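Okay, so subunit A shows up in both of these, paired with subunit B first and subunit C after.
And now, the complex of A and B:
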C-alpha cells in the first residue's frame, strides 16, 4: 500500500531532500516555501560565501546557472529538472541567503499600472 | 539524461529587469502554440517536464488511484519596457492536462487561445475550461494554416460564442509581428478589464 511522499519530495529522484535542506538552512524555518512561481525571478547572491561542503550537486548547479537573473522555469529547463523540484531547491537557497528573489512579490493579478506598462512596451516593438 | 553540471547557454535577463508577468498560450494539439511562443521569444523556446496528477487515465480502474504523469511544457520570454520580463507558457489543451494550466493561471495576465479553423470545436472546449476554472482575460488567435478555410473573424466569434469584448486576431503565427499583435490584443483587453482605457 503506497503512502503519500512527504512534503518536498515531488519526485522519486529526490528522496534525500530533507537532509540537504537541513545542511543549507541549519534547520531554520522555510518562509520561502510555496511562494515561488514559474515566472519568479531569481539571482545568485554574489557575496563570495561558499555553499557548505555537504550541499548537493543540484544546489551547486542551480547557483552556477543563476549567476544572472533567470525565472524559476528557466532554471528548471536549464537544469533539466521539474519546476516543482527546483522550487524546493531554490526556496531553501533563498532562505539560507545564497539566492535572492529579484521580482517583486507576486500579486494575485497584475495591477493596472503594470498591465499598461507591458502594453506600452509591446507597442514599442 | 539528468545532467546537473553547470549548464552552458543560460541567457540571463538584463540587470534592469526586476519584475515578471506571464501569459498562458493554450490550445489543442498541434495548433501552433510553440510556433507562436518561438516567434515572439527573445530566447530559444525552452521546455520543462512537469509532473501532473491525473485521475484514472490509463490506471487500473479497480484501484481508483490517481496517477502522476509527466507533460512537457514549453515557454519563451520577452523583455518589455526594459524592466519587465514577459513569459509565455505554452500548455497542452488535452483534457487530462487541465490541472497543469489551471495551476499556472494564478497571477497570469491572461490566456491566448490558439485555434485552427479546421478544428474549431477543440477551441470551444479550451475556452469552456478557462471560463469555468479561471477568471483570466482571453484573446483568441486564429492560426491561418495554409489550406485552412478562411473565416471572417466575426464568424469565428459567433461560432465560439465568445463573450463581448473578447479580441479575435488571426495570422501566420510564424511571423513575429502577428505574435506581437496577439499579445497586444490580449494585454489591451486585460487593461480594459482592469478599468483602464486603451487608445484605439
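And now, the complex of A and C:
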C-alpha cells in the first residue's frame, strides 16, 4: 500500500486534469453491475459496431485499450484512472454491449485430464 | 458697464471744450474786422475773446480732470479684476492638483486592494486544488471502493466550485488565472471541464466534436468562460431542463453555443448584459454592486484579454443563447489519442526515464498547481498512454519508435510495485486472451456474450 505524503507537501505523483471524474460518470460512483471486481476480465466486443457519435474520448480510449483481454485493474492502470471509476465506465459499456465480461472460471477451466498431466509432469520435475 | 461709463464721460467732457473752442475762434476772427470799423472800441472784442478763452480753458481743464479721474477709476477696476482672475486661476490650479492627487491615491488604493484580493483568492484557490488532490489520493488508496469514490467525487465537486469562485475574484481584478495547463484540450472536454465547476453539471448536454482543441495557454480562461456561461444558463432555467451545448468549427476558429430553456430576458436588460459579457463595458471588482453579478463580468474580462467574441441572444428554445467564438489562433487540431483522461495519482510504479514531460509547476507556484504535460501528439515525448495507432501485430515493442511506458497491474491483483513496466495493454490483453483460449478448439467462443456476468 503506497504511503501518502503528509498534508501540505507538494507532490509529483498527482496528475491533475481539467475534466473531473464525476463529470465522466454523471456523478455516479457505483457501477450498474455489482459483479465487476478488479480481477474481472474484460474484452472489447469486436462486432464492427462503432461507438455512438456522442460517446466521449474516455469511452473510446477504454475500448481501444481493451482490445485484448484485460482485467479491470489492469485496464485502470493503463488508463491511469482509479479502478472504481473505470468500473463505472466499463459497466456502462458492458450494458451497451461494447464490452464483454469474460467469465474465465466457468468455461475456460482446463479438463481434468490436462490437470492430471500437468500434475504428473510437476511430480517428475 | 465700464465701457459705457467712460464713453459718456468722454462725451460730456468734449461738449464744453468744443463750445469754448468755437467761441475762441470766433473771437479771434472777429478782432481784426472790429478793429478796422471801431478803432475806439477796439478793446471790447479783444476782452470778450480773452474772457471766452479763459472760460474755455477753465471748462476744458475741469472736464479733463473729470475724464482723468474716470480713467483712473477704470484702471483700478481693471487691476482689481485682473487680480481676482489670477486668484481664481490659482484656486483652480490648486483644485486640479488636489483632484489629481486624490485620483492618484484612489488608484493606488484600488491597486493595493486588488493586489490583496488576488493574493487571498489565489491562496483559496490553491487550497481548493489541494483538497481535490487529497480526494484523488484517497480514491487511489481505496481504489476498488465505490463509496469512497462517491465521497471523493462530492468533495472534488465542491472544491471545484470553490476554486471557480476564487478565480472569479482574480479575473475581476484583471489578472490571469492561477491555474495553467500545458496540453491542448479538445473542445468537448473543455465543456466537460467547465461543467465540472458548476453545481448542476448533470444538466449539461454536449454535442458536436469538430476535432479541434484549445491551446494549453488558453485552456483555463476558455474553460472558465464556458463555466460561467453554463452557471448562468443552469441558474436561469428550470431545474428539470437540459442546458444544450453545441460545438462547431467555423472559418475563424470554433464556436461554443450554450442554449438554456428558461424564459429569456427583457430587451433592455439583454442589451446591458450583452455589453458586459462581450467585454464592451468593462466591469472591475470595484464596479460590482451589492448584488454582484460576477459571472458575466468575468466572461467580459476574459473576452477582452483573449479576443474571444462573446454574445448573448434569444434562444430558439425560449431562453438565452450564449455564443463564444474562440479564434483560430487559440485552437489546434485535437490529438487522436488522449494524453490523460482525468485526474489521477501515480502510485505504485516509477516514472520511466524520460517518460513524458512532466510539468514542473505553474506560474505562481501554487501548491496543487503541478500540472501534467504528459505526452500529447508530439512524437518525441513518450506517451503516457500506449499510443494505439499501429494495428495489432504490426509492430512489436522494439519496432515502434515510441517508448513503452506501461504501468504494471494494479496492486490488488499483483504486488508489482516498482517493477519496470514492459508490456502494452495490447500485448497483455493478447497474452491473457491466448492463455484462456489455449486448449479450446473453438476460439471465438472464448468471448462470452456481452451480458453474461461472472459470479
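One rule holds in what follows: the second predicted complex is superposed on the first by the 71 of 125 C-alpha atoms of A that agree within 3 Å, B and C clash if a C-alpha of one lies under 4 Å from a C-alpha of the other, contacts with A are read in each partner's own complex, and residues count from 1 in each chain.
Basically, contacts are C-beta pairs under 8 Å (C-beta built on N, C-alpha and C of every residue); 3 or more make two chains touch, one makes a residue touch a chain.
If you're wondering where the values come from, they're calculated on a predicted model, not measured in any experiment.
In the superposed model, A:67 lies in contact with both subunit B and subunit C. Judged by the touch definition given at the top, the superposed model places A:124 against subunit B, while subunit C stays out of reach. In the superposed pair of complexes, A:116 makes contact with subunit B only, with no contact to subunit C.
Measured by the number of subunit A residues touched, the leading partner among subunit B and subunit C is C.
Once chain A of one complex is fitted onto chain A of the other, the partner contacts of A:30 are limited to subunit C, with no touch recorded for subunit B.
Of the two partner chains placed by superposition, subunit B and subunit C are both touched by A:38. Of the two partner chains placed by superposition, only subunit C is touched by A:87; subunit B is not.
In the superposition on chain A, contact is made by A:79 with both subunit B and subunit C. Using the contact criterion defined above for the overlaid structures, shared-chain residue A:101 touches subunit C, although it does not reach subunit B.
Within subunit A, the residues touched by subunit B in the first complex and by subunit C in the second are 10-11, 13, 37-41, 57-58, 61, 64-71, 73-74, 76-84, 102-104, 106-108, 110-111, 114.
On the side of subunit B, the complex with subunit A involves touching residues 1-7, 9-10, 12-15, 17-22, 43, 46-51, 70, 75, 77, 80-82, 84-87, 89, 104, 106-107, 109, 176, 180, 183-184, 187-188, 190-191, 194-196, 198.
Taken in their complex, subunit A has these residues touching subunit C: 1-2, 4, 7-8, 10-27, 29-31, 33, 35, 37-41, 43, 45, 53-54, 56-58, 61, 64-71, 73-85, 87-88, 94, 97-108, 110-111, 114. Taken together, the subunit A residues at the contact with subunit B in this complex read 10-11, 13, 37-41, 57-58, 61, 64-71, 73-74, 76-84, 102-104, 106-112, 114-125. On the side of subunit C, the complex with subunit A involves touching residues 129-130, 132-134, 136-137, 139-150, 152-154, 156-157, 160, 181, 185-186, 188-190, 192-193, 195-196, 201-202, 206-207, 209, 219-220, 223, 337-338, 340-348, 358, 361, 367-368, 370-372, 374, 384-386, 388, 392, 406-413, 417, 425-433, 436-437, 439-440, 445-455.
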